[in-house]
Amino acid sequence: MHVHIINPNANKEITEKIRSAAQSVAHDDTCIIARNVAHGPETIECAVDEVLASAGVLDLIRQGEQDHVDAHVIACFGDPALDAARELSSVPVIGIAGAAFQIASLVCHRFAVVTTRKRTVHFAKNLLVRYGHEHQCSGIYASDLAVADCESNPEVSFLQIRKDAIKALSDGAEAIVLGCAGMADWEDRLTRELQVPVIDGVKAAVTLAESLGRLKIGVAKTGQYGLPFPKRFIGRYEHFSA
Amino acid sequence: MHVHIINPNANKEITEKIRSAAQSVAHDDTCIIARNVAHGPETIECAVDEVLASAGVLDLIRQGEQDHVDAHVIACFGDPALDAARELSSVPVIGIAGAAFQIASLVCHRFAVVTTRKRTVHFAKNLLVRYGHEHQCSGIYASDLAVADCESNPEVSFLQIRKDAIKALSDGAEAIVLGCAGMADWEDRLTRELQVPVIDGVKAAVTLAESLGRLKIGVAKTGQYGLPFPKRFIGRYEHFSA
Amino acid sequence: MHVHIINPNANKEITEKIRSAAQSVAHDDTCIIARNVAHGPETIECAVDEVLASAGVLDLIRQGEQDHVDAHVIACFGDPALDAARELSSVPVIGIAGAAFQIASLVCHRFAVVTTRKRTVHFAKNLLVRYGHEHQCSGIYASDLAVADCESNPEVSFLQIRKDAIKALSDGAEAIVLGCAGMADWEDRLTRELQVPVIDGVKAAVTLAESLGRLKIGVAKTGQYGLPFPKRFIGRYEHFSA
Amino acid sequence: MHVHIINPNANKEITEKIRSAAQSVAHDDTCIIARNVAHGPETIECAVDEVLASAGVLDLIRQGEQDHVDAHVIACFGDPALDAARELSSVPVIGIAGAAFQIASLVCHRFAVVTTRKRTVHFAKNLLVRYGHEHQCSGIYASDLAVADCESNPEVSFLQIRKDAIKALSDGAEAIVLGCAGMADWEDRLTRELQVPVIDGVKAAVTLAESLGRLKIGVAKTGQYGLPFPKRFIGRYEHFSA
Amino acid sequence: MHVHIINPNANKEITEKIRSAAQSVAHDDTCIIARNVAHGPETIECAVDEVLASAGVLDLIRQGEQDHVDAHVIACFGDPALDAARELSSVPVIGIAGAAFQIASLVCHRFAVVTTRKRTVHFAKNLLVRYGHEHQCSGIYASDLAVADCESNPEVSFLQIRKDAIKALSDGAEAIVLGCAGMADWEDRLTRELQVPVIDGVKAAVTLAESLGRLKIGVAKTGQYGLPFPKRFIGRYEHFSA
Amino acid sequence: MHVHIINPNANKEITEKIRSAAQSVAHDDTCIIARNVAHGPETIECAVDEVLASAGVLDLIRQGEQDHVDAHVIACFGDPALDAARELSSVPVIGIAGAAFQIASLVCHRFAVVTTRKRTVHFAKNLLVRYGHEHQCSGIYASDLAVADCESNPEVSFLQIRKDAIKALSDGAEAIVLGCAGMADWEDRLTRELQVPVIDGVKAAVTLAESLGRLKIGVAKTGQYGLPFPKRFIGRYEHFSA
């Protein structure tokens, strides 16, 4: 099967990291296609960033549909544009935050999320509520790192995240969810050093996409995720017009 | 004071209707500036439409900031891009759905929302939850009209909405919230014909903006609605780069 | 328009403070009528006080109705007798707690309430739940001041409240709601000293009453807030008999 | 022990009915004292009635305290003035709605409430939420009877309530809670005719008061239900002054 | 009446303690029958223990039914097998956790639970949610004692529990619920030493069973608690076969 | 990897059906081991059945642990003994209800559950709440079939379930979750005939177990799902003694 991983960050380094994480868990007969948006912010850290990344995600959904991929993954922990992507797509669309929460809920009683900017705590909380995992989360810990720090200053950033994870465990968490696609390569090391389950959303999403492939379950297009209404779009979104 | 009304629908007819509704309740010394997005869908009826309207809303927030307006109103019942707009803005930003719910909650015990497309029921429900008014809403009634029908076929559309409103009242609603900026000119007639409070969000938002003006209360920029992080944007959003 | 402000505290000093706060934000063509109850406690700090203030509030609603006022404001942060007042009244009735929460929710993401007696924390919490603003409140901070202290010992009381507000801000609040009508004259100073939005419910309620006046929206009398059933009352409430 | 039953309805007929119901379940060594308020409405059917009954309830609490009773019961299904009564009292105060819900929850999975006026449905719902029994209630059924009808027209009223109870059972209820103190004498007949558990709050409250007596558990006066703050009351409540 | 108390712990010492606590509050004409399960763990401290105690509880329910008891009490704070017991029984079945919460809610505004193992905190929380008392609980305090310590090392255990109770009170609790049947003999001493209401679930359940007896209210067998479907059981549960 | 599927129904026919469904989605290198409990009811349809099936589930968990399986699946839609199983196990334990809800939430906005006995509706509802998927479920539809009917009378049972599914879709569901392990062989036919996603929990659980295998994520044993406390068990559970 073909799994199309969309990086909403306009950032090739993160895209490569995501591709590599995805590849590491995919079955041999799964083909990973990883792309980042052509229009939008280099990293996503606030609501403005999320708005400006979202249309680019939809551009990539359309491209993936033309490529006849079997599933799309949106690889940013805010799961931006997920509902809209599901409207546009004829195959499953999985957000990495939702995927990470699902996998975490299978291996522990209470997990913590460790994330970057303080402002994103509220975004993570909204997603926990939206997906119904709020009661399974013992806390969201923000180091106030910039997403870019994970790239430019990886060791310092890793140690900061590890510190937050240790705090979370001492507060009662039993597993750690990595709250940023830019941390996808830290899962192994953190698992080894902390000896508790550590969940990266990109890997989680890839295996869930493969699960759906095995199950041969299609997506519901009869209701809320039906195709968008055909209409005219103006200006820079003219190409979405029917 | 200057109230900047942003129509997220790329649609001049609706903009004119909104301007006129706003003007009708504004004080003499309030200057209404109404604009629609330059990029986006002609009407907003699903999640894809909302995503593709949102960046254009942010463009207008920036324009309004340069014009030194005293408040922004986002005049689409989904309150698209509200959080991002509040990050960008130095003055209050009010969504018309939130405004309508607040005003309705002051004049009745339970209100109903009448809206267009069935698919937007879920958006309205999400907003009721987000703002905390879910328990005050007796139901959301969708005629499955297209937003465009309100313009192209106003009498038939009005009668359809009136039918839904009558159903809502017989189900226990005590007031009616109009769930679409395109219905802004129906408030008076519906009030007269049904003899219950009917709330249009555009008008509600304008008077709330004026309230904030009288109260001289600024907006909080120290937390979640702080300025966006300066960074580089790529492609069609380059002009947002720091 | 005529806005009738009812002080449930049988206390002329607080009434004058409320009148002055109301006056300071009202439009020139708004006439403020401020009265306190003739029967009840001098200050309201527990459930017994609230019960013994409530019938007096209804007496004033009846008086205001005879005066043909355009809106009533109940100026005690517990919003005592609000439902009953809405049954009796033919025009909008606004409680200052509800008004403060609405205005706060327009200018920040999370607000704190600073209040007097510890025992009133629970009353404020009940109101947050009732109106649907609980998720927007970061905390309720009680100094355990008596309401009377705000009058008899204003500077010490102000400093205590300011201390609580500073604590609230450091805990994550972005704006402050003053949780007592007796603090109505502290808003300006606290805003100036803390540089965050500070909301006084009396002022907020007056501008909302004016908003409803501009919107020409009546109140719903067809359901829960319909007129009370005509019946016989005994003893000291005989004058309420039909 | 002495159980003091306070009828918030200023209505001797209902008081006698309540006394008789209470007597029928009390142990031989329990002395029932039943009184109605001296000031207030003849029946309680809306928020105005509840406000005007509440101060009279507090008068009776004070009288019962002077009589050294061992528990107070507030015998109106809205449990009016319960919090204030608990502040004033040195012994347990039990509301009949809360008592009925507790007993019902011990003998079934889902109970229904049958009540009089439609407007009281919302009051019953608020109490279910307040006490935490909302999820155990399958519905609240209002015949729109006046409370006075239960006295003046008992057979017709009984048949109406029975009809509602039958509807509730067919909707899935497994037991019936009588939602008005004026129905206290219908429990036996309704139980016999419907062959399901039927719960009257007055009887339920009396046996709970006796339970507390056996358990020798006092009431908490250290927190929210501590004594009211001593202060001056004006006008018709002067006798509450410290 | 005959009250059948089932100790799910296979532990005669605890059974004796329970019997004695029950006896101390029961009326003279109430006959207490106390038994422990014949199959299961000596103490119940985790989910495995609860599963392995539950079938034994059902054996005892059947035995009590044959003895024509008037009520069953399940005397372990996790209320194990309560739903199943209610299906099997023709008379009321009361769990001691639910009983303690009900009694506590009548005498205070907020109670705390003091319990043994940390792992049982989550079980207590689930029960608070199930019964609807979560909002009335200020906290659950676990000393991490083993249940067996209450028997083998009573003074040290008592002092540990008292320490937790004191912490709970200083955090705002107004009453204490003892979260383990093995603490049934500590209620008096703790009440005396702390001067706040202390509630033991065994005693609470006995008086509630007596209340139901006085009220002559049967149990609902028409719905969720109807008799189990007759069917074949295999292996060690063959005796349950129809 | 080895996936151990535990059928809590003491029923070989259902076990074979489950094995076959599991096999049909498993990868070639996944070995499916399917067993049913040796002690318990032939089918599970009420709380008594669930209690009497649960200890047998734990026996099988122990057996699987000795076999060094890589994951356990509990294949009854009530997910009986899941928490206890997770305590005993050193590898992931997945319930089929939880698995079905997770997969359904990835492919639609609102799913319905179709189930057998009316009494199990409440069990399904509890699981939806427990796992956090309640808001994603449009309804639970019970045909009141016995589980045994699915075996003894498959065509009639299938048509009944199909009728319920069609009703669910017309009420707004977008996908169907099969609420009984005994329906595992109906997924394909129902998908074909209704043209919407149909989810069987057994298949869903197997692919999730495989996902966890690929992710190499262990289970949390440091908190709520830590090993049970070693202790003595009496009677028929003596073999669980430490």
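Going in written order, the chains are labelled A, B, C, D, E and F, and every chain counts its residues from 1.
Just so it is clear, a contact is a pair of C-beta atoms (placed from the backbone, for glycine too) under 8 Å apart; a residue touches a chain by one contact, two chains touch by 3 or more.
Chain identities (UniProt): A, B, C, D, E, F = Asp/Glu/Hydantoin racemase.
Because the structure is predicted, anything quoted here is derived from the model rather than measured.
K.L.:
If you check the contacts of chain C (Asp/Glu/Hydantoin racemase) and chain D (Asp/Glu/Hydantoin racemase), which chains show up for both?
P.N.:
Chains in contact with chain C (Asp/Glu/Hydantoin racemase) as well as chain D (Asp/Glu/Hydantoin racemase): not a single one.
K.L.:
From the C-alpha centres, identify the chain that is farthest from chain B (Asp/Glu/Hydantoin racemase).
P.N.:
E
K.L.:
Angle of the rotation mapping chain B (Asp/Glu/Hydantoin racemase) onto its copy chain E (Asp/Glu/Hydantoin racemase), from a C-alpha fit, rounded to a multiple of 5 degrees, please.
P.N.:
That rotation is 180 degrees, given to the nearest 5.
K.L.:
Considering only mean CA positions as chain centres, point out the chain farthest from chain D (Asp/Glu/Hydantoin racemase).
P.N.:
Relative to chain D (Asp/Glu/Hydantoin racemase), the chain with the farthest C-alpha centre is A.
K.L.:
Please tell me the distance, in whole Å, between the geometric centres of chain A (Asp/Glu/Hydantoin racemase) and chain F (Asp/Glu/Hydantoin racemase) computed from their C-alpha atoms.
P.N.:
Whole-Å distance between the two chain centres: 28.
K.L.:
Indicate the whole-number Å distance between the mean C-alpha point of chain E (Asp/Glu/Hydantoin racemase) and the mean C-alpha point of chain F (Asp/Glu/Hydantoin racemase).
P.N.:
Each chain's C-alpha centroid was found; their separation is 30 Å.
K.L.:
Compute the distance, rounded to whole Å, between the mean C-alpha positions of chain C (Asp/Glu/Hydantoin racemase) and chain E (Asp/Glu/Hydantoin racemase).
P.N.:
The mean C-alpha positions of chain C (Asp/Glu/Hydantoin racemase) and chain E (Asp/Glu/Hydantoin racemase) differ by 45 Å.
K.L.:
Out of chain F (Asp/Glu/Hydantoin racemase), which residues touch more than one other chain, so two or more?
P.N.:
Correct list: 109, 122, 223-224.
K.L.:
Which category does the touching pattern between chains fall into here: line, ring, star, complete, or other?
P.N.:
Shape = ring; chains linked end to end, path closes on itself.
K.L.:
Which residues, counting only chain C (Asp/Glu/Hydantoin racemase), touch chain D (Asp/Glu/Hydantoin racemase) once they are in their complex?
P.N.:
10, 37-43, 45-52, 54-58, 81, 83-84, 86-88, 117, 119, 122, 146, 148, 223-224, 226, 228-229, 231-237, 240
K.L.:
Which residues of chain C (Asp/Glu/Hydantoin racemase) touch chain B (Asp/Glu/Hydantoin racemase) in their complex?
P.N.:
Within the complex, chain C (Asp/Glu/Hydantoin racemase) contacts chain B (Asp/Glu/Hydantoin racemase) at residues 25, 27, 92, 94, 98, 102-103, 105-110, 131-136, 169, 172, 174-175, 191, 196-199, 203-204, 207-208, 210-212, 214-215, 217-220, 222-225.
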